[in-house]
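Have a look at the structure that comes next, please.
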Amino acid sequence: APADEPAGRDGVAGTVTVFAAASLTESFRTLGREFEAAHPDATVTFNHAGSSALAAQITQGAPADVFASASPVNMTTVADAGAVAGTPYVIARNQPVIAVPKGNPGRVAGLADLARPGVKVALCAEQVPCGTAARTALATAGVTLTPVTLEQDVKGALAKVRLGEVDAALVYRTDVRPAAADVDAVEFPEAAVAVNDYPIAVLTDAPNPVAARAFVELVRSDRGRAVLAAAGFQQSGRG
Amino acid sequence: MTVPADAPPRRRRPGQRVPVALAVPAALGLLFLVLPLIGLLARTPWDSLPQRLTAPGVLTALRLSVQSATLATLLCLALGVPLAWLLARAQFPGRRIVRALVTVPLVLPPVVGGLALLLVFGRRGLLGQWLDTTFGVTLPFTTTGVVLAEAFVAMPFLVIAVEGALRGADSRYEEAATTLGAGRWTTFTQVTLPLIAPGVAAGAVLCWARALGEFGATITFAGNYPGRTQTMPLAVYLALETDLEAAIVLSLILLTVSVAILAGLRDRWIGHP
Amino acid sequence: MTVPADAPPRRRRPGQRVPVALAVPAALGLLFLVLPLIGLLARTPWDSLPQRLTAPGVLTALRLSVQSATLATLLCLALGVPLAWLLARAQFPGRRIVRALVTVPLVLPPVVGGLALLLVFGRRGLLGQWLDTTFGVTLPFTTTGVVLAEAFVAMPFLVIAVEGALRGADSRYEEAATTLGAGRWTTFTQVTLPLIAPGVAAGAVLCWARALGEFGATITFAGNYPGRTQTMPLAVYLALETDLEAAIVLSLILLTVSVAILAGLRDRWIGHP
Amino acid sequence: MTAPPLDAHLVVDRGGFRLDVPLRVAAGEVVALLGPNGAGKTTALRALAGLQPLTAGHVTVDGVDLDRPAGDRWVPPERRRFGVVFQDYLLFPHLSALDNVAFGPRRQGLDRRAARERAAGWLERVGLGGYARRRPRELSGGQAQRVALARALAVRPRVLLLDEPLAALDARTRLETRAELHRHLADHDGAALLVTHDPLDALALADRLVIVEEGRVVQEGDAAAVTARPRTDYVARLVGLNLYRGRADGGRVRLSGGFTLASTDRVDGDAFVVFPPAAVALHPRRPEGSPRNTWPATVAGVQRHGDNLRVQLTGALDAAADVTPAAVAQLRLVPGQQVWAAVKASETRAYPA
Amino acid sequence: MTAPPLDAHLVVDRGGFRLDVPLRVAAGEVVALLGPNGAGKTTALRALAGLQPLTAGHVTVDGVDLDRPAGDRWVPPERRRFGVVFQDYLLFPHLSALDNVAFGPRRQGLDRRAARERAAGWLERVGLGGYARRRPRELSGGQAQRVALARALAVRPRVLLLDEPLAALDARTRLETRAELHRHLADHDGAALLVTHDPLDALALADRLVIVEEGRVVQEGDAAAVTARPRTDYVARLVGLNLYRGRADGGRVRLSGGFTLASTDRVDGDAFVVFPPAAVALHPRRPEGSPRNTWPATVAGVQRHGDNLRVQLTGALDAAADVTPAAVAQLRLVPGQQVWAAVKASETRAYPA
């Protein structure tokens, strides 16, 4: 068990296992390297998957120290199972944008354009955070539309924009950034009400709670925020 | 060998003695396949079952799943059985390469397979563009797209199973058929196919089941729209995002229906050759 | 029928004439399977290929994929072939039910399958709890877990393919073997298995390919730890999050390696019975 | 050991066909099972070998029940020590001729080398020493049949079941293989059952004949008894005699068709009469003189038969007659031709039915 | 049409075995292909039917080349109109007997009903009217063989290839089926090739015999010619004669072993001598008197042969002798016994090799 490993100078040592949403892969990889540099006796192991799958694994007793979810819903599931130690912190927020193929062939300038006939739109299904966000934003804008597809995750919606299969999709800003070669982002005012939170928490059964707390601290630190911001996440107030 | 005189005669009926060396692994295998199902059943919220069953969209998704998987299987049979025959019986240059190519969709992650389908049949795809401008046909986001995606992923199962059956079959019956005036096509339909019927049935079952459970290629190529392209696996995956129990119940519904169909079909279809 | 006198003699070698009714659908089928691959290749960033190939973790994931798929296939062979034999040759009450149960993992969405495995073999699962406390063995999130998840999903392919082959085989050779003093086990290994070798090979290929491409059950049951449980499909999934091209390249690597292995093995293995 | 090596009463129901055959074979005895196609010979062998469960009756070897439905007894084929030559050989297609023959010895615990050595010996004995490495599909029909015979003999079985083991052999090989089999059977102290359609095989190899028709035993006995007094058309044809049934009254037998045959044998009541085709003389006109049985007949067909010709006659008495080619030419024996047939009473044999 | 229905020169290389057989069959002619096991008979039929491509030579039917490697000609089996009875029947296991027979007629364009009617007629003719609905696995060996024969005949082929079509039939059915086949072949104006091991079948059905050994034709001619003057051991056995080869000098033939046989036929140079086993007389001591050929011999074996017994002799001259059972008893003819054999010069036939 990792907890039995000898403690380093600051008590942070051994393996810390982080279950994190797939969309945090790149940012957390950077942070993990920095964490290991700062704590030579510690190793970070990531398990990246969909937040819901991670939540299921944790409730089934997976040996995890930290859970970073892409939506509060899955964090709630875990918390309701009594697996969260303390309160989750929001580490980042993600704002919806309209992704359009390079050059914007559908000439989409705002949410209202999505309802134009002939414009093919991909949304996320309402079960996933980007779907909830899209619903909120559209409701706020008073737009009703019939998408051609309700994607299971942002990647699916984005892929269809990249390949020109749809003229627009409601996705997150962080998603558009790595696809900038094929995709343009159209910001819209209603996005403000549909921001999605990324909560993080140390888990009750964490085998290595000391290191777990240290990792969460790193993510919440200024350095952590900077890395997340570089990936396109919005800042969140502490707590 | 035992002399009969030493051997205490045992109970009757042959066919019933199963050697331990076979029975034990078989039982283990069965257990391994069945235990997880029991785990699921233990977790199923039985009291909420009726209302979930009648929830809107469930029956539609179920019907769509069964229909599109069946259509995909028919498509695979129509194209895949001849392909298997070609691989097993015809000699042509590049046969090794063709055989290797057939296995491609097997190992391609389904999502990537869906992407590949989009690259070919999508609005801006190699063929899709032409289909769109010439016939006004678009395949993504349609039920046809679901069938195509499922067929793409499931066809290798059929081809490989049927090719295996063909290689195991005695080709001398085919020779006998040709001496009776049957060309290759007649020989194929009248002699070869009936002879390898169990193999084709097994292949079709695999193909159908794979198509029925197909998720990644379908959602990537055909998207997810209730009533049009949302099959049961898609519904299950979406339910998983928020509601484990709902996902389990949906899976069990899919399971029950498909196992019932398979059990009903196979005993009749495979028969005892 | 044509009288020879009317028929202009044609070129030599039998085996080379392929009837149009077979050649056309076979070609269509092949095209359908190959076109998407061409689409992918057209989209592949060839210049970045070398650096991606040598990117850290890729080779590890590849090795892990091939190893665990191979182990899963061996496990499936060990348990699945006896199970198939039981279904095809033994008479026992409830055989229909057993046969139906075998198809369960086929139609269970893989993620749900992974969940079901967690429910049974997880630390809090029906069996996992006991395994943990008694032997200190935990299966989830280990390489063994990957093998188990893959075997669970892939075994039905083997069982059904082998059962089909067994039903198609002539059981009189087995009778002949018993009169020569071979018990059921010897008959099975010395006569039955060699006779259905092509069918077993086909089943093993399907099983291996299915295990190699397995994603949902693996990520759910075994997690996604680089170097331990991150197989290529999982790596592809993560790459898809950020970088479509990377995902395509990874898929192509997986594809090339597995198709090469299959092509190498099958021509040698299946042979010409 | 007082119990006979093989004592069986085979009752098998098989979709409309019913076999009901009692069989006893003494130590060292070879019994030929004869009968027309579809009589149930193969079914009987399969039931003995345990490949076809009995409906009733029993199979008992050396006093031990191997199959007795009434007593709920059953010994599986692999523990019966029966050697079987199947009518369609059933050589394992994936094994070489040598390994096919070595299969049985291997199962008896011999190691691979010893088993192959024994197998090579057997292949040599059936004249196939040079074919050891061939696969069954690369053998000719007659070669495959000899491999099948070698395979069955190589296990030194307690009971040998041979289903037409020589049918595909050429005349010479047949003689040699028959001689080899004869040698083997002479040393064999178990039971042997031989199914054959060739009376020569049966006479050369078997101590006793059992004739089965439509699933039942119709006649049984040693070669002399059976050949002298056939009791069914099948047996009569087999031994080459014309057979008739009727009511005898001393030296005269009145056939059901109305014709009366004179014989020098005296019997009363239901009786059979036989005479050989060679005893039938054909004449263009009604013959005068000694032959007591004469009748007008029509030629139905003429076929070569050895050096002579066999003429099929219909008329008051359907009969076969063997005549010389010269006689055929002289009498113009073409189908449809009217002739007179004559058989001396002394050439007929009559015996109770 | 002046071209013969079948004119072929079959050259086939098959893993160490080489077939090289020229064959010409005239219109309406039936040729029996005889030869020991493994001689290449089945291979020849397969080559004719187009199932085994020729290495060289040609297959020409009615003047049209169906296979000629040199001329790059090839007609596939289904367009050859050859009817084939396979040595192992190859009945389609998934079809009933009726549908097996109807398969060919269906391919000729008959509708299902008409094809089945024709098939039913053929089944009737081979005596299997009641077995139409049986699957091959539910037929006995002889029944299956007759279905195979009916299936081949039902397509009314231009060339008939029969590979031991009567081997599995019982004596009576064999006679009847042979007669049926004879009727059919008599009406047949195409070519027919019959492979058989039974000289009776060959003599009854064939106009001409072609003897093949080790892939080559060793003798050829009508029945009378072949039976009178066998040229190989195989043929001699087939027709039941003792055959020797040597150098003749008028009425004396000096064999390679040193023994000299006297014959009333006069030949010079390389010659064959034959005499029938029945011509051999056995004596306990050296016989005095007329027989010009006498030699001491050892009994190697005794087997029943028809009503008589056939004694195999070794010694200066290996020979078979047919003697009566009485003689065997009187001379105590057991293996190892020394006897004197005698053959009259007038019973031998000598002819140039």
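Residue numbering begins at 1 within each chain, and the chains themselves are lettered A, B, C, D and E in the order written.
Just so we're on the same page, contacts are C-beta pairs under 8 Å (C-beta built on N, C-alpha and C of every residue); 3 or more make two chains touch, one makes a residue touch a chain.
Note that the coordinates shown come from a computational prediction; the quantities given were computed from them, not determined experimentally.
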Steps needed, at minimum, to go from chain B to chain C via contacts: 1
From chain E, the most remote chain by mean C-alpha position: A
Of all other chains, the one whose Cα centre sits farthest from chain D: A
Centre-of-Cα separation between chain C and chain A, whole angstrom: 34
Rounded Å distance, chain B centre to chain D centre (Cα mean): 53
Averaged-CA centre spacing for the pair chain E and chain D, given as whole angstrom: 22
Residues within chain C bordering two or more other chains: 1, 17, 111, 115, 118-119, 125, 181, 183-184, 195, 197, 237, 240, 244, 273
For chain D, residues contacting two or more additional chains: 50, 76-77, 79-81, 107-108, 155
Where chain A touches two or more other chains, by residue: 53, 56, 159
Residues of chain B defined as touching chain C within the complex: 1, 15-19, 21-26, 28-30, 32-40, 42-43, 78-80, 82-83, 85-86, 89-92, 96-113, 115-120, 125-127, 151-152, 155-157, 159-161, 163-165, 167-169, 181, 183-185, 188, 195-199, 201-203, 205-206, 209-210, 212-213, 215-216, 232-233, 236-237, 240, 244, 247-248, 251, 254-255, 258-260, 262-263, 266-267, 270, 272-273
Touching residues (chain side chain C, partner chain D) in the complex: 172-173, 175-184, 186-187, 190-191, 194-195, 197, 273
In the complex with chain C, residue positions of chain A that touch it: 22-23, 25-26, 45-49, 53, 56-57, 60-63, 155, 159, 162, 178-179
Chain B partner contacts - residues on chain A that touch it in the complex: 50, 52-53, 56, 73, 120, 122, 125, 127-128, 147-152, 156, 159-160, 163-165
Chain D residues touching chain C - in the complex, by the definition given at the top: 49-51, 76-84, 86, 90, 92-95, 103-104, 107-108, 151-152, 155
